[in-house]
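In what comes next, subunit A is part of two complexes: it sits with subunit B in the first one and with subunit C in the second one.
Up next, the complex of A and B:
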């Protein structure tokens, strides 16, 4: 099917040695279209880089009976809150090995935060609305970025060194990665091919709310 | 075979012939009907069976797929069930809980076996019971197929346990558990038994015998069948193909279609759909029996009706034949009364008219015979009684009673007539004996003709001999009269031969055969002359008669006598006898 060959274009920015470097990642599929919601991340091959969870919890809100954002990359130890901005109740759950939890039916702010303490992909669902799906990508590295609609992601604050670059996407068919050196030297562009599975998300029920439905 | 080798039977009776003909035609048409219908029925039955078998094979596929689709739908509902997800919220699902939950779901779905597999295909739990771990491998194979499938589902036929003589057929189905879609957190495996009930249900819908075979090519054995075990075993396919074959078992003839079932387990399997030829032909048999009955009934009706009909023809024909005999015997008074309007009735009417005609002719002839001489009557009948005439030589004889007028004055009229008729009877009889005819009775005289209407050569001799016989007859009559004490009779006879006109004389309404001419007057005149004393003879003939006669007679010449209306006198001779 449309297993799309995606190409990740790496643009390495060379900055002064003491300065932190930025890796620019452009993700496109086989047809040359940019791929959004892909997470590009670098794992240091020299020495493990410590991660620092943010002080404030990350928000994954529910609005118009959809999770937003669709993909949320976080580091291990990050707390996430799931505020419900809809007028209907949601029942958020995950049965993913990286984090199994549920927040039984609620509306408004959830009573607490959820701590994501293991690396891996956590798939979020709602027991009430089958089509609601979102992903929390829990990383053990601080160097990551999510591609936008233009398919680009900028990974910043990189000390020079050897890294393994990987790209993850909810529909990633096979792991894609390569090793690279981040140095002071100018910019470099690399291409990585990835294959995406067909999009099997559920189509929303016709009368469930779209953006115009209040 | 010669041309005469085949011959229709000969019948003495018309009814038998008609019965043979009609019964034969009925039998031929009905038997031909029966044979053709029987052949057509068999051909139709074979066509219907082929069609049914193909439909049955399609029905089997549809039923299995429909059942699997239904189970798939139910499984999808189940996979979205909150309580299922609860199982996966735990780090390790509790095996006993999984087993009891699956047992509960298997009851809801109506399948005997369910299993829960990890996304990679390892067993999380199952309902246990009827299916041992043998099901795991086939399900794992299906998980691989489903993982690559667009709809994340897979199905296939399996024999479980595989290669086990007790192994049964199942349709296996694998559907995913999403949490949420498209994230597959587990697979549900379902086993739909292709069991006896399935075969029975399929039979009810397809009206076909259903047998499932498992084994390896060359040694297929029935695992389920709607047929008796022995039948199913004896009809096991040698090889698995699509061919429709006729297979006989236990005296029944079955048309069988074998369709292979692709197994995901080792070995081969096939579904055999069978239709009994007898069962297919059963409705046609009714028709055939009806046709046979119709044939017998037709023959029966023909046997009953035809003799009656034949009788209605042959009876009047026999009556007509008998009547013909009656007519042939001359009985024209009997009439045929058939009371029919058809040709036979018309024939009977014609017969009756013929009888009437014949009777009429007979009456006419009878009257003629009494009123004219038989010769004249015959002549009249033969020439249709037309007016006509011819000139020919005849001899005319007049015989007249003498003094009878005076004699009769002392007698009663009836006595007169009686005596006269007695005399005439004798005289007329003699005329006829000598082939003459009585032309007419004139008072107490008789006029007779010889040589007319039937011409013959010796008419003059006949007349003379008749006159001589009359003399003897008169003597005998007088002897009788003498014994009766009555007076004698005397007569005078005049005979003349001449050419005269003979024919039917009269008007178109009434005709008399007679003669006219001078010769008649001469004969009458000669008869008159017998009264005269100078002749003193009772029989006078003219010279012309003697000339015409060939016989020799004793005559006396009496000289010439004048005749009224004639210039020439006539030579007169008295006849005394014959030599």
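Up next, the complex of A and C:
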């Protein structure tokens, strides 16, 4: 009985620990400043981890003639809805190979959801307001997180094993990544330094009166 | 050619526009304010009465947008502009009129070219009433981006102006090109070029004689069009209407002050080859805000 109790106790302590394995990723630029809107993700090198798309669609809102959020990481098979909270119509589109689509001019809730069924980067735009841009990063792994303003992303719920850690950002100049071992009860911080291209977006500010589209 | 009843006509057009805006998005307001220095407001030839003028100008624009199809938008609205010439009160002005523009984007994405067709009309009241006019213009435009930071904008215009005095009436056709180069999200550099062919008004310094006011430069008689003495300026002038071609070139810089606001600093040189060649240099500094 003592052995059984010890084994049970060990099992009970191991289960939550297994679910709590976390890799904390701090992404910085060349100057050491934190990088927001980077997606850190882990790809299992032992066996592919199944992905489970959420039941409810993910929202990417249009407000003040901008997309929000700027970067949305999702897993393959996720549906995304694009509600327009502006008083002006938007024409959301993507010509990215991972997902080509367009939602013609609308206000309010769009007519339906868009299924993102291929891995890759999908660049979103509005065909009326050229400065509007956002990114959907479609992943084939369930282990990912987006960095906040402090540059950190916590990837949780990791089973022990070997992984490849990679970081993606819309302005990433070169691919970065490394292999790492996640052990039982492990909580490790990985610092990733990335090189970012200059932020070249289409200017929104007007230089003449008149209609606010370009 | 007299703009009798011009204000009612503009109001009628405005009402029609108001009807057209039904089921459209808007209204969207934008405003501008600028200070303008023109070094040859008299359009005089060198040594013949060249006078500069400083003008403060402010304007407001309201638009409604309506989708025609996936790639075409109809914009309609009204524009009002008030100008205060601190140098010559006769050039104080107030303009008000409707705008309609059809804009089509040929494809998806920021690199797709955009085509536009527009109509505009203005009733303009001047401090010197004989300058007051009704003008109309049609415009065709084309814009093309070459990447995120370079954009070429071309336009062609045809217009006519009916003033209280025939001297200030006439027509024109013009073409313009602007190259916008965005160094980053804040700084925009502009290169501006244009050509205009049509009626111009050149002012010649005048003197009183027993036969009335006559131009000091008798070459002014080469203008075949109508003429009249004007008291707009600080000294006597005779205004002549003629036809001429004008070439313009300039540059500008526009720092953004935010998503909706920017400063616009421009210099444009206008070189007109009328009977006598005259040059205008126009420097402006202003702010534009979209609400």
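What we mean here is this: the second predicted complex is superposed on the first by the 177 of 214 C-alpha atoms of A that agree within 3 Å, B and C clash if a C-alpha of one lies under 4 Å from a C-alpha of the other, contacts with A are read in each partner's own complex, and residues count from 1 in each chain.
FYI, a contact is a pair of C-beta atoms (placed from the backbone, for glycine too) under 8 Å apart; a residue touches a chain by one contact, two chains touch by 3 or more.
Remember, predicted model here, so these are calculated numbers, not experimental data.
Once chain A of one complex is fitted onto chain A of the other, the partner contacts of A:149 are absent, as it touches neither subunit B nor subunit C.
Ranked by how many residues of subunit A each touches, subunit B and subunit C are led by C. Look at A:88: by the touch rule set out above, it reaches subunit C but stays clear of subunit B.
In the overlay built on the shared chain, the residue A:198 is in contact with subunit B and with subunit C. With both structures placed on the common chain, the touch criterion links A:107 to subunit C but leaves subunit B unconnected. In the overlay built on the shared chain, the residue A:31 is in contact with neither subunit B nor subunit C.
When both complexes are overlaid on chain A, the residue A:127 reaches subunit B and subunit C alike.
Residues 91, 93, 95, 102, 125, 127, 130, 198-202 of subunit A contact both subunit B in one complex and subunit C in the other.
By the touch rule above, subunit A contacts subunit C in their complex via residues 64, 87-89, 91, 93, 95, 102, 104-105, 107, 125, 127-128, 130, 198-214.
Per the touch definition, subunit B reaches subunit A in the complex via residues 80, 82, 85, 88-91, 150, 152, 178-183, 185. On subunit A, the positions that touch subunit B within their shared complex are 1, 91, 93-96, 100-102, 123-127, 130-133, 197-202. On subunit C, the positions that touch subunit A within their shared complex are 25-26, 28, 30-32, 59-61, 63, 65, 67, 70-71, 73, 75, 77, 79, 99, 101, 103, 105, 108-110, 112, 143, 145, 148-149, 180, 182, 184-186, 188, 190, 252, 254, 256-262, 264, 288-290.
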